[in-house]
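What follows is a set of structures to go through.
One chain, chain A, links the two complexes that follow: it is found with chain B in the first and with chain C in the second.
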Partner chain A sequence: MYINIEVAIKFLYALIILNVGFAVVVYAMKIKKLRRTRMEHRFEVKIKDYLTYVLVHIEGKEPLNAPPFSLNQVEQEVMQEQLNDMIENFTGTARDKCMELCKRLGLVQVHLNRLEKGSYSVKVDAAYHLGCMRVQEAVPALLKFLQTHRRNSSLFVVARSIAKCARDERDVKEMVQIVLRHNKGFYDLLVDMIKEADIDHGVLFTEFIQRESHEFIHIGLCGLKDYTEPTVASAAYRLIGSPDRTIQSKAVEIYLKSVHFIPRNVVQKLLQNPLDEVRILTLQAIADLQLMTYIDVMRNALLDESMRVSEASAKGLLLLGERGIAELCEVAAEVRRSQQGEYLHMLIEEQIQSLSLQLHDLDQLTRYNSLVYYYEKTIGKNKRIYRVV
Partner chain B sequence: MAIVIRNSIQEITLQLLQYIHLANKKNAPCGVILAPCANMNPKTLEQAKVLISKNVAFLPVQLFYDAPNQVLCAVLDGGTLGSTHYASLVLKDFLQTQHLLQGQLRVSSFPESGKPTESAIADFIQQVIQSKGNDDDIHFFTAANAETSVLIADPDDLVREFIKIRLELKGYRVYEAKDGQEAYDTFVRIMPDIVITELNLPILDGYQLIRTIQRKDSHEGKVIVLTDKQLTGSMSRAYESGAADYVTKPLSISELEWKIKRLTGNH
Partner chain C sequence: MRMLEYYLQQAANFLRDFLLGYGYFSMYYALAITFIYFLIFGLSIRNTFPLQRGIRYNRLQKLSGSEHVPPVSLLVPAYNEELMIKENVRSLLALNYPEYEVIVVNDGSKDDTAKIMIEEFQLKEIKPIVAKQIKTEKVRGYYHNPEYPNLYFIDKENGGKADSLNAGINLSRHSLISTIDADSLLEKDALTRIARVYMENPEETVAVGGNVRILNSCTVEDGMVKNIRFPKQWWPALQNVEYLKAFLGGRIGWSSINGLIIVSGAFGVFQKDKVIAVGGYRGGYPGEDMNIVIKLHRYCLENKIPYQVGFCPDAVCWTQAPDTYRILSSQRMRWGRGNLKNMIEEGIHVVFRPRYKVFGLLTLPYNILFETLNPYIRLSGLLAMIGYWLLNMSDWKTVAVFLLVNFFSTFILSLGALYIEEKAFSRYPKLSDLNKMILYSFLMFLGYRQVGVLWRFLGHVDYFRNNNSWGTMVRTNFNK
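After this line comes the complex of A and B, so read on.
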């Protein structure tokens, strides 16, 4: 019994010592952090004028001078953050001069050394800063680091840095190849990173969609979403018949966005596609491009087995002027006793209702009047719908 | 017999003009730094000169102190605005360590900052004298009259600061706002000629701000959108809301300046 109490007391002493020890460590860390924050604030005030000097002369002919005072490590880090912000925010000469200043201040060399010799977390931090400063000579080391990197969020930090520093398209392709090895569909993220590279993105994405690999095709299609060039249209056209449904619908979307006219054989091919999405996109494109020659195609699509396609066709015909509206009402009258006919009637009435609320717009007013006129003429409903003049 | 009576500002004005004209005659620019200072003696004057010469080694520097107005003048023969501004950083640091600085330093380089007329130089000196007691910041002097006013609405301090500095140097009057509400309040108060706005703004977003401005003052071509939203959808929505132009980030200040000039007809 006596022995147990002695052990317990010793154990309590040990716990107290440990507690005191931890408290000292925590307070030491807190004091260190406070001291650093205070130093950073002091330096931010000190460099305010120097940063104004940088901002004023950032696009001038003369090179930017280094600050007229020496920097310790904390000050160097604050300066680095400020310059990173400027590089990200500006373009052209301004960005080049900030990058040149980073080199002159020795920041580039510091991070190249950290990338070479540092621990894992130091290397990731160095990669981030080298990316911000667009240090092209860091690309081989960054690619080597990426090769051995495991899959976690830091992987994308390194990959983005490579894209920012890329010397040419080859560096970007190599980076994409390495990231794709992790076998996950981060296509949009990869596109976002590729867009950071100082290369012709359109050419690279077009090349990607011409490859055999589905992953590269996906990246290319994600990247070309907002492109509207004829070269893109012809590259996307080849994928319209792809067995992969996602690729197919994305390719159709890009193709339809990039063309000014769609040949009849292509329209027919697209409208025979089993995917509702593809048929809807085609009908919308015909309406957007105001291709009046395809009114007959639109008319046939009103009787499509899919209600969504039928609706897209009806809405498209409304945009194709009086002829389109007349065709819509005519078909609705022809099939009035069927389920599709009922659906078309409901759509027309909905449109009349919605257009009647937008009569301040001349286009909508014209559309409203035409629709009411042909609706009454073909279907001959008794209830009077007023026309606005 | 004519009697010429000169006031104390005229003396220093003429002295500065003489230096500037001498430099300009050699087709070289002339940088001038003015600082409100107390009790400069020849020894500190010499120390300051040595320090500036050490940092801006390639330019001859003249320093003189105007005791009646308590203004220190530094003249850099051949000094562009860039090198003169850099020299002002060194001078400010020195004056602050010696506890001599009493207000704002003003920097200019002629002819870059305007035509060096007697009235412009007198105005320059007057601004320095009036700055006594204010924060000891560095400001630029420009002889151009600020006719066009610009309001910048952007939550990013760096972007606001950069555009403000660059436009002020070009002779614009610039106002700032961190969020949509502050931008709208400032707009109502000063009715600027141009508003530059980000679309991602706190409180009132960019689209709402544009629409409110358009309702308040339907004067067309007032708002330039400066944003990192690069999608065509955002662009169309901004134009539909009433924006006159759309510039994407990363920012090119020359592009922005041209768009402002085009909208104000200030070519």
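After this line comes the complex of A and C, so read on.
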């Protein structure tokens, strides 16, 4: 067998050198890290009194003084992290004073320079810190950096920084526009970032859902998830007939959360929606808003093809007083031989059981009595039923 | 007599030619495997830098309280887990995550797993509406306690881990599911970390795997890993460096080219609708964690759905590693069996087919040639070495050089994994831990790797003998 042993030996030497080199690098990194950790611990002890001073004077009128000692590179980085945490956790005056302290310590200028001239990783680091410090003057440079950024985790770091530093809605919109060029459906992440901006989010998201672009509508709907203002309801209503099912169900959710009354034609439209989720949300909203006038609709929904919708309807009727309970028991009796009927029976019996443990609560007691009465009246299993007084 | 000599000579010549041919084959085989190893390690190291930035610059504390993080259903299959189930579930109920549910599935345990769960969390039987998307063994009952609103317990007939996961999927409410082994502990922010990766590309991310680390010798308090230590015992220590190499050196690289073939069963997150679309977990055989990922790759590539199988090395799940030869060998034989079954069942339909892109042209050829068939190459290599020695075809110097080349070209990969560990994570705080990691990376060559090949081979033997038992598995407390 032909083997060039000399070549193999040379290759072996190269491998040994690489191995030794790698081992040295790994050890050097570990030792450097351990040394840094020790320095950080020492500095944390050294800075303790100063941090106490900062926390005591954070709400006062006087600006915060810089620490009475000079900081080396590692100390400056630790200090920066401490201030970043404070800015994140505080709001109002306290946050403003921490931001001002950062400026006084020269941290803002350092990172502005790094963002301007540094390598890629330095720029990302600077962008992150500028975002933490809410440096508004960094926005143009950050937007420029974002323009040319590839889609990876750091893209979102830069975008979040822009949201944090944003001077007004326009900065946020520009950031969103740039990030959407890489769109992969990350609307929730974008909304989470936008919510870091010091602007009226509700207005911005409502404006987004009024646009033609699906992407902006998605962002707007994600952002308005927990809004309950009537202005939001009318904007969301426009989208409940959207051909995009995700938009449709999100719009319905927002609409139902923000209204105090649902017109009959809307109820009927929503209950004809093919998505179970939409029908369930509608039934839950009727129950939550105590809209007795729709008991007939709820009754019909008990026989919905989806068991989940049927369950939502049954649970909703239980909350709609004596009439609701009477209708529920009546339907359960009518369809008693079917699978749905059996399920409704089981649900009612479970409710009786559960309510019987909460009789100290007057509402539950009333509900228990009504349920037991109508259950016995319509289904009547000849069991002795106790009405609690 | 002359005739006999002639035939013996002919036979010796044939054997020489054969061994020479085999020598060339094994040399190219070794070169190819080394090339792929180096390629993947190179990719892993390259991806460490963006990964490190992602970890450093994302404020997880804030994200873990955000209402925009996707809700997740955690599925915890449990079989004879009476010793750990309580602590594990308590730890899962205390995760830093805004919206999630924990679904523990008792897979017909023979011990008191079900009794402990019901008593500890005062669970009552409920009759929920359960989707019937995937067929499973008979469920005996669903349990819940409103005082633990996000905990559900399923008690079912024994059907294996995959069947339990399927039962959990049927009950789950959220569109993301996460599988977690009952003998493992999730770090408090692990789910948030995985969610961050998912949120960056929710349309295409069909699965994200977490990082599995060895728990042995660490201190656990209130379901949290408090004091991270390198394992004191031999077997867990060897597995520790092996896991580091596989997860950090391998999976980061494979995921960067969307060629990841496995999301560890101990901890991973999946899009539920995709898992249902591929028919759920395949029951009746080990290796269901690899099987589901292969099926997801196939499904997405066949239907031209843009997708990504990701890996999140900073989302950590701590697991008890086997600490005796008997348990470890049983586990590795099971893995070997599962791997072979997956390659026969799924792999051969995908391998070397361009429509399956990186997965069909690199991942599966690598897996079949260098993982599944590895024991046969290694064992035949050993026989060839004996042949070279008997026929005087080699000398000690050549053998020594090749052994050393093999050692150093593999050892550098272990160093590469340690580099990634120190650069991005540095979980082991002491210098002595690093010393031990390097020592055990060296010791792996003195028997551990060889016995690993044997276990895999025996796993294949079990497969052909239709031995489909789960094997020995002994549970111990987290703080042993």
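Just so we're on the same page, the second predicted complex is superposed on the first by the 324 of 389 C-alpha atoms of A that agree within 3 Å, B and C clash if a C-alpha of one lies under 4 Å from a C-alpha of the other, contacts with A are read in each partner's own complex, and residues count from 1 in each chain.
Basically, contacts are C-beta pairs under 8 Å (C-beta built on N, C-alpha and C of every residue); 3 or more make two chains touch, one makes a residue touch a chain.
Please read these numbers as outputs of a predicted model, since none were measured by experiment.
Of the two partner chains placed around the shared chain by superposition, chain C is the only one that A:E311 touches, whereas chain B remains out of contact. In the superposed model, A:L55 makes contact with chain B only, not with chain C.
Counted by residues of chain A touched, the larger count belongs to C, out of chain B and chain C.
By the touch criterion defined above, A:D226 reaches both chain B and chain C. Once chain A of one complex is fitted onto chain A of the other, the partner contacts of A:G92 are limited to chain B, with no touch recorded for chain C.
Note: residues 88, 226 of chain A belong to the chain B contact set and to the chain C contact set alike, using the contact criterion stated above. Interface residues of chain C, counted against chain A in their complex, comprise 19-20, 23-24, 49-51, 53-54, 56-59, 62-63, 66-70, 126-127, 129, 199-204, 393-394, 397-398, 401-402, 404-405, 408-409, 411-412, 415-416, 418-419, 422-423, 426, 429, 431, 434, 438. Contact residues on chain A toward chain B in their complex (touch as defined above): 49-50, 52-53, 55-60, 62, 65, 67-69, 85-86, 88-92, 94-95, 226. Remark: chain A residues 1, 3, 5, 8-9, 11-12, 15-16, 18-19, 22-23, 25-27, 29-31, 33-34, 37, 88, 121, 124-125, 128, 152-154, 156-157, 184-186, 188-189, 191-192, 222, 225-226, 307-308, 311, 346, 350 touch chain C in the complex. Residues of chain B touching chain A in their complex: 55, 80-83, 85-86, 89-90, 92-93, 137-138, 140, 156, 158-159, 161-162, 165-166, 169, 231-232, 249-254.
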